[in-house]
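Both complexes shown next keep subunit A, but they swap its partner, so subunit B is in the first and subunit C is in the second.
And now, the complex of A and B:
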């Protein structure tokens, strides 16, 4: 029987299968960070258990690290403690840690691929919902809670109900690839399927547009699979995938052999059955801007803030949610998106903080200045991204335009470190969640692509980047 | 984990859809390194003013629901971040049952690891619960919710029910398969 890519990876990782009940799957790579792991290590100690495969476990600190001068001590004592606890746990259990001073430190979903820890056909878990990012390499990668972090540390396995399959075909050619980005594609998808549209499924992204995208762009798309409710999102690996990983620090010695194996096996068979299918045509999509408090509350930059009744299409719960969202966002229905002024700009996060993202944003910014009303910051996804960007002189372009150029981490995507919005501030953000208070209590987040965020920083309000000459 | 017992309590109606884990526990409270003490931060930004005073119009601040053990809510509860702190906060506050038309996958899973019973009920049945003003009884053994004049049954996967009723620890169960894990490890193609 023809199988989907997901089913092939799943089958290859089954350790125990039961007639009724979940399957025990083997985990090839376990990524650990400071926020969702302390209680898991505590549990191990309490039960006198060990880490089964420290060699398959990698840790970094990203969620609450400051992005200011790294030579200074961390002022927030509770954050400092969480970081100390991770250091101790990694030392006690013999786990490799990319700490705050490591040249490999960065957002866990940025450094996994860039170090070659992420590999096609593998299973990857992490106590973070954006683990779906690694699916861009044809890995089955998903977020887990802390109890499961403890379980994987102890057993290198995880119990899981087999998810259903969801094919999202992305077809067509974008008219302007620099203006209509991978971020706009995934926001369009979520806008159509809803925040629970992918619940209970693993998505496989297929179609000609996906093949055209770079690895970094595929990561942006897989990253936000969770925002559509799916635990994981996958793209079948191809030449781009293999070329991206070749020569990276942690790839296995028999990499070339593995590539032969992967290119033969890691794709959905013709005629494989998907439980659900959705097709997005990208020919006519516009740059996207979220207006509400979940990622499905998104519209075209050329459009207006919607009227709740029209948005909800008869669903009373959605209408109530939209009314509440507009109240929180302090927006009036009918306002053109381009009339919305902003106070802050954040370019960063595991969605959009890679070199490609910074290069694209720098093209908009070069030789211009951030609006005097706006405070804008760039937070590279990793120390390596930062270094590469500096080698290209991007830091100078951004700094000359009055952007803050910062150290790597999750930063204002979730505001666990000092980078937060003040209540009432409005932010154009390249991150993945516009939930109430996500970037700081009372803060208002609009999700956009890096080029849209850069353009908004200069203009002081949203604008259609297609109006700029990006070539 | 404590075995799950029959729960009798008034249900707190939180009439919202897509309640995300950022609302259940805002990120500023994720820095603790233990599992306890998160109850005070549950729905923090909805529950308290910026000055830390209770907001009277928020349902959890209504004295009627002070000792409630059952939370009644809308579609896609627990979406967003994987933070298990959301489950810890609900439990620490006193909720042991959450009833909703649907849940986000990771949150749903996290509930069972902490002895919380998430019940999926269709909208019609939920609506009748929203209208109930008196105590309801949740019986996991029989898979029933008993309201005055009505008994509503619910579905749950057999193994999840067993885990809750017996208070089982996943890791001990898995470690019984040590030989299978070892055998699998010998066959791995990616080192």
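And now, the complex of A and C:
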């Protein structure tokens, strides 16, 4: 019977499978960070258990590290303690740690791929919902909670029920691929399928547009699979995948042999059955801007803030949610999106903080200045991204335009380090969640692409980036 | 299991409102509980009682993988969340650590249960009794894996 890519990877990792029951699945790579791991290590100690495969476990600190000068002590004592605890846990259990001073430190979903820890056909887990990012390499990658983190540390396995399959075909050619980005594609998808559209499924993204995208763009798409409710997102690996990983620090010695094997096997068979299918045609999509308090509350930059009644199409709960969202966002229905003024700009997060993202943003920033009303920051996803960007002189372009150029970390994506919005502040953000209070209590988030965020920083409001010269 | 209902007629109650990011650094679960639901309902902490249930709409617990979300609710006294559907990671976190029961209900049950109703949950019969309204509803049975993890008292006691 023809199999999907997901089914092939799943089948290769089954340790125990019960008919119509749970499966014990083997985990190839376990990524660990400071926020969701402390209780898991405590649990190991309490029960006198060891880490089963420290060699397959990698740790970094990203969620609560400050993104300011690394030579200064961390002021927030609770963050400092959480960071110290991870250092001790990694030392005690012999786990490789990319600490705050490591040249390989960064957001866990940025460093996994760039160090070659993420490999096609592997299973990857991490105590972070955006683990779906690694699916861009044809890895089956799940976010898990702390109890499961402890379970994987102790056993290198995870109990799961087999997800269903969901094919999202992304077809067509974008008219302006610098202005209509991978971020606009995934926001369009979530807008259509809804925040729970992918519930219970693993998505495989297919179609000619996916083949056209770079690895970094594919990561942006897989990253936000969770925002559509999916368990994971996948792209079949191809020449771009293999070229991206070649020469990276942690790839296996027999890499070339593996590439032959992967290119032969890691794809869905013709005629393989998907439980659900959705097709997005990108020819006509516009740059996207979220207006509400979940990622599906998104519209075209050329459109208006919606009227709740029209948006809800007769669903009363949806209408109430939209009214509440507009209240929280302090937006009036009918306002053109391009009339929305912003106070802050954040270019960063595991969704959009890679070199590609920074290069694209820098093109429109070069020689210009951030609006005097806006505070804008660029937070590279990793120390390696930062270094590469600096080698290209991007830091100078951004700094001359009055952007803050910061150290790597999750930063203003999630409001648990010093980078937060003040109540009432409105932010154009390249991150993944516009939930109430996500970037700081009372802060208002608009999800956009790096190019849109950069354009908004200069103009002080959103604009149709297709009107800019981006080539 | 008997308790009173705190109802939020709302879909997509995300983990950032259940326990906002700044509190994820707190290790003391009782301290964490003081901030449960703070992003959505500032009065939650003062009104919640030991043994209460939350009733909510679709996709409860969407967003981050933070196990702090079911922990904060559980240490506030919440024994079960009854929702139209759950986000996967929240659902698993709730049962893995035996923090609370995530119970899926249908639309008519959701509409029938009001805030402050007294409700009794029977997971053996897969039944929910509304003691205030004298009505009985069906709950969606747990899958084999989830049912066994719950029966074992958490992931680490589970034996297939």
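The working rule: the second predicted complex is superposed on the first by the 470 of 471 C-alpha atoms of A that agree within 3 Å, B and C clash if a C-alpha of one lies under 4 Å from a C-alpha of the other, contacts with A are read in each partner's own complex, and residues count from 1 in each chain.
Methods note: a contact is a pair of C-beta atoms (placed from the backbone, for glycine too) under 8 Å apart; a residue touches a chain by one contact, two chains touch by 3 or more.
Predicted model only: the values in this text are computed from it and were never measured.
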Clash or fit: subunit B and subunit C on subunit A? clash
Looking at the overlay, what does A:277 touch: subunit B (first), subunit C (second), both, or neither? neither
In the three-chain superposition, say which chain, subunit B or subunit C, touches more residues of subunit A. B
Kindly classify A:252 by the partners it touches after superposition: subunit B alone (first), subunit C alone (second), both, or neither? first
Between subunit B (first) and subunit C (second), which, if any, makes contact with A:21: first, second, both or neither? both
Tell me which partner A:231 touches in the superposition: subunit B (first), subunit C (second), both or neither. both
For A:243, decide between first (touching subunit B), second (touching subunit C), both and neither. neither
If you stack the two complexes on chain A, which partner ends up touching A:414: first (subunit B), second (subunit C), both, or neither? both
Between subunit B and subunit C, which residues of subunit A are contacted by each of them? 16, 18, 20-22, 24, 35-36, 38-39, 47, 63-64, 76, 78-79, 82, 127-129, 143-148, 150-151, 159, 161, 195-196, 199-200, 229, 231, 294, 317-318, 320-321, 324, 414-416, 433, 435-438, 441
Residue positions on subunit B within touch of subunit A in the complex are 15-18, 20, 22-23, 26-28, 30-35, 45, 50, 74-76, 79-84, 87, 102, 104-106, 109-110, 113-114, 157-159, 170-171, 174-175, 177, 180-181, 184-185, 188-191
Once bound in the complex, which stretches of subunit A touch subunit B? 15-16, 18, 20-22, 24, 26, 28, 35-36, 38-39, 42, 47, 49, 63-64, 76, 78-79, 81-82, 85, 119, 121-122, 127-129, 143-148, 150-151, 154-157, 159, 161, 163, 195-196, 199-200, 226, 229, 231, 252-254, 258, 261, 294, 317-318, 320-321, 324, 414-416, 423, 433, 435-438, 441-442
So in the complex, the part of subunit C that touches subunit A is made up of which residues? 9-12, 14, 16-17, 20-22, 24-27, 39-40, 57-59, 62-67, 85, 87-89, 92-93, 96-97, 143-145, 148-149, 154-156, 158, 160
Name, in rising order, each residue of subunit A that touches subunit C in their complex. 16, 18, 20-22, 24, 35-36, 38-39, 43, 47, 63-64, 76, 78-79, 82, 127-129, 131, 143-148, 150-151, 159-161, 195-196, 199-200, 229, 231, 294, 317-318, 320-321, 324, 414-416, 420, 433, 435-438, 441
